[in-house]
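A, B and C label the chains in the order they appear, each numbered from 1.
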Amino acid sequence: MALPIYATPLQRLWHFTYLAICAFVLFFLVMPLIAVIPISFSSSPFLEFTPGMLAFDPEAFSLRWYRILIGDCSDPGITTVCTDRWIIGAQNSLFIGIIATFLATTLGIMASLGLSRPHMPYRKAIMAVMISPLIVPLIITASGVFFFFAKLNLVATYAGLIFAHTVLGLPFVVITVTATLVGFDQNLTRAGASLGGGPLRNFFKIQMPLILPGVISGALFAFITSFDEVVIVLFVGGPEQVTLPRQMWSGIRQEISPTILSAATILVIISILLLTTVELLRRRTERLRGVTPS
Amino acid sequence: MKNFIRTITAAAVMAMIGFVGQAVAEVTVASWGGAYTMSQQKAYADTFSNSPLVGGKANFINYNGGLGEVRTQVESGTIKWDIVDVLPHEARVGCDEGLFEELPRDVFAKAPDGTSMDEDIMVPVPNDCVAPQIFWSYMAFYKKGTFSGAQPSTIGDFFDVKKFPGKRGIHTWANALIEMALMADGVAAGDVYKVMDTKAGIDRAFAKLDTIKDHVVFWSSGAKPLEFVSSGEASMALAYNGRVGAAILSEGAPFVPVWDGQVLEEEWLVMVKGTPNYDEALRFMIHASAPYQQAGQGKYINYGPMRKSALDIIKSNEPWFHTGVNIMEHMPNTDEHMKNAVFANPAWWADNGDSISERFTAWMGK
Amino acid sequence: MASNASTVSQPLLTADGTPLKVSLKRSMRRSKLRAIGLVLPPLLFLMLLFIIPIGNLLTRSVDDRLINYQMPLTFSIIEKWDSQTLPDEELFEAVYYDLGTINKFLITNNTGREVNPDDPGWRVIIPKRGPYKEPILKINPLWGEVETWMPLSRIVHNSLEYEGSKKEKRNVEKRAQFDICSYLTPLTNAACSRLFKVLKNWDQQSLPDEKFYKALYKDLSSAHKFLTGKSSTRMNYEKPGWKSLVNKSRRGFNKIKNPPYKEAMIKIEKRWGDVNVWQSLVAMKDPFTSGYYLNAFDRKYDVDSNVIMQPEERQVYVMLWWRTLLLSLIVTIGCLLLAYPTAHLLATLPLKYSNLLMICVLMPFWTSLLVRIVAWMVMLQQEGVINDVLVSGGILSDENRLPMMYNFTGTVIVMIQILLPFMILPIYSVMKGIPPSYMRAAQNLGATPSLAFLKVYMPQTLPGIGAGVILVFIVAIGYYITPELVGGKDGKLIGNMVAYHMQKSLNWGLAAAMGTVLLGAILILYWVYDKIVGIDNMKLA
């Protein structure tokens, strides 16, 4: 990416502006997430770098907000209700996320398989419907689902939330799996069938391994969507369905304390670990395939 | 693979049934969270479960206000909250629309001198759905040492950015601001709602608000105004009196309340219509509205009990606050602090809340 | 020759002897059916849990039936009124009956137009302390027949047959009381406990006696009270003040014993003498209305059904629509300007560096939205990191810290950061597919680098730009969470107004109308997106 030596000064200027913009953008994307981490170890109840922290005074740092996060309420200085809601929220989010992802993945694979078959009628229209939950603003989805679920007695139930999150996750699976199926050679299933495999066995032995990357990334998207979702939870969830985002939401709305930052820090670290793992895995497959990063 | 899927499915279904089928055996109270709910937890829920006579269990959950959720719960018949802590407007609308249970009035505890509960409450009881909670107020405050010389002492000073320079922290909705603007403009507390009934009166209030428009920082979560004033971002701010009180009482913050021109709001408990836990919920409400429990909340927060007899209990037992402070000095509804103050008029806000809210939104965006 | 011809015209056969054409057709049909069979469950799932709920929501934007349940008699005769002068006795009387008594409930399906004002049944007043049977039968003789009572009785008996724990039984019976009321009235939140009690002991044969009618009257009275509460909320949207007018009048109506009602009503509440109050009634008379859509654009119907502007102090939605549009545009353009060079860098760097940088792009993408918002609060607030840096760097004085949070600016900054990956990724994937040799070729042919870029490179990236721009715009226009948390005074958007009317003011019609308009705009963009990119080509990182 270096400039050729014959570049004019103007080109040089351009080039450095360009690099500066890129650096700024990358910094802009990541910086706030990094800035959160030190403040979560602050001992002050305000969301700012206190003078003590800037002077690296050990007094200014503490783990008190992490203790509150895990439901340890022995801190005498807390003025808010201290409960194990963060832990419960994390459990609920995982529970809802996993089941919704499972449902969305199953339904999504079915839809993609059907849509990729050569003789599917109304392909385009059906695809549009499948993707629509991604396009409709969440506030509208949440309002609609809220009224409708009320009639079905699904408001304030885990089932209601799981269904709603399945709806939101479905498009991701459909998009990623259909994309992997584009390159899929239908002759392989035919070969399988001619060798005596039943449709299910054929699917799991032949198609599944090939579309697996698409399934996994679709499922990951579906899970992240559910794990991060707050609007539907606010509308449809009841008192028991406290999820992690909902807990953060009420924290931001009512009593901003560094507890939120400690939760945020943990989530940021998880997402860094997740990304690194995915990247390492990807490199590993590429190495195994014999494709070296150029 | 097949077995794996079967196991997963079975586990998922079982987990779902387990979660969905869980019966609510305890009383669920939806409230606002924060220090307020902590005081309710200590004064009502803990005493409710500790007392050998009543011995029930109440769980508090947070909500963001409004009747939307209650309305769907009632209309769909899936009641998840038993009791809700509501603002005056919601207390009236919800009862009018049949979202709350109408409660027998004679089961509630009388004052020690025999006065019935409804007589003992400091404002007229709007309907049979409500049980008393507290009064809270919007009031102005500043940090000691912000101003040299004369110190702000009236609501007029809050609106006077020449005499007391600096930013003003105000909330992003219109309640109490209209009343305060008029009081600052010289309207007597008793006439505020008469003036507000005319369009000219509302114009007058907005004109007064215009005078500080350029010096305003807005807040929408209750902790913010304290941060504003504490950090010096604003020299004065409006806040919930309980928040300011908590900062002074628990953290020793150098805040000075300006009680003049405060606007008091009611806070009621109501029971959601059709709740399967009617009996338990009613027991909790009786417990939570008895004079001694009402007074007990004053040990943990400086919101004023609605019942006169509860104030008397506090008065005769000072220092009452759990840290040994005289809490009456921090209560909004003592005679001293009520000299120039209004009780917000829910009927007026029921009529005009929506249109004022639209006008206020436009004003903020200007 | 003949045999030859016959073989040619003979259809091709498959191994089992069926003609190939038929066999192919059959296998194609089977394949089609299999495809449909695979797609059907997810499609039905989405239909039931997504498309229908949204459609259902949208119908609320025109539904104004509630108020027509409340005021059937009034609305049936209001068209006769000249709408300029104070109405005469007849209309006052109609309002008196509609708001003050319960008789309209006793006639089924009484929405608006089907009401015959000449039917004397409308003007029967049931005495508070009875007798009840005679006036109720006068209103609707059907109540004298056993069949009319049977459906109610069935509800009661079904609930009594329920087996279960004591508490469950009690709940089922309680539900039955609600079911009776919702069978009789448009309300689902009234409990007909008295009817439940009398029907419990009824043998389903003997003619109902006075205590049945008393129960009917009492239960419907309380239901009527709730209905009035609800419709006064509705009326108050139309004109502030209806809420207290209705509530005060209802109490006062009890004292009115004889006509004329006009003077008596004005004596109770002087606002009944105000023509404007009556005019606002006219706008509510249609069970299906476009009024909520007008309201969503600061307009309304006047008394002659002309569209006029709302009073100036209530005009806020048009401004919010513009603001939403403006903010979405700024965010989209901002994202584009920042994303283009970045995507270019990522696409041209060697893979081992670009992968590392890609993590920077993807990390916020994978981090919780709320975490990112909190992070920005820490950065942007007045005591936040950016202001601290600027102040300690001597660029700002401590008193002039920039307000970058809880306003329009803050919303824009945070939304750009949140939506930036949506812009970078599609542009990146397009740029990745452009061979670098093109640019070299252009320069070899004598173009300056900037010309080569403008004429050769840029046009090839247009599909990526199009995809990113529309994606970001679609997401931005319906955003709710970010403006709600960081919007403050002037960063709130239409999405926040939808939520406000859904949850706080309970003006569900207006919320649905704004939602419909928003959805319509997004569907158009979605269609454009489909034309430019094709939804099949939608890719995720």
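Going forward, a contact is a pair of C-beta atoms (placed from the backbone, for glycine too) under 8 Å apart; a residue touches a chain by one contact, two chains touch by 3 or more.
The shown structure was predicted, so the numbers you read here are calculated from the model rather than taken from an experiment.
For the pairs A-B and B-C, the count of C-beta pairs in contact is higher at B-C. The greatest centre-to-centre distance from chain B, using averaged C-alpha positions, is reached by A.
Relative to the centroid of all protein Cα atoms, the closest per-chain Cα centroid is that of C. Computed from the mean C-alpha positions, the centre of chain B lies at a distance of 29 Å from the centre of chain C.
Between the CA-based centres of chain A and chain B the separation comes to 37 Å, rounded to the whole angstrom. The set of chain B residues that touch two or more partner chains comprises 64, 75-77, 220, 227, 231. With touch defined as above, residues shared between interfaces to two or more other chains in chain C number as follows: 383, 502.
Multi-chain contact residues of chain A, defined as those touching 2 or more other chains: 46, 146-147, 252-253, 256. Taken together, the chain B residues at the contact with chain C in this complex read 64-69, 71, 74-77, 93, 95-99, 172, 202, 216-220, 227, 231, 233, 273-274, 276, 347, 350-355, 357-359, 361-362, 364-365.
Remark: chain B residues 1-2, 8, 12, 15-16, 19-20, 22, 28, 30, 32-35, 37-38, 41, 59-62, 64, 72-73, 75-78, 80-81, 220-224, 227, 230-231, 246, 250-251 touch chain A in the complex. Of all the residues in chain A, the ones that touch chain C in their complex are 1, 11, 18-19, 21-22, 24-26, 28-33, 35-36, 39, 46-49, 107-108, 110-111, 113-115, 117-121, 124, 126-133, 135-141, 143-149, 163-164, 166-167, 170, 172, 174-176, 178-179, 217, 221, 224, 227-228, 230-231, 235, 244-245, 248-249, 252-253, 256, 260-261, 263-264, 267-268, 271-272, 274-276, 279, 293-294. The part of chain A that touches chain B in the complex is made up of residues 46, 77, 79-81, 95, 99, 102, 146-147, 150-151, 153, 155-159, 162, 200, 204, 234, 238-240, 242, 250, 252-256.
Those residues of chain C lying in contact with chain B across their complex are 167, 170-171, 174-175, 178, 187-191, 222-223, 225-226, 228-230, 232-233, 236-237, 240-244, 247, 313-316, 319-320, 323, 382-383, 401, 403, 406, 488-490, 492, 502-507.
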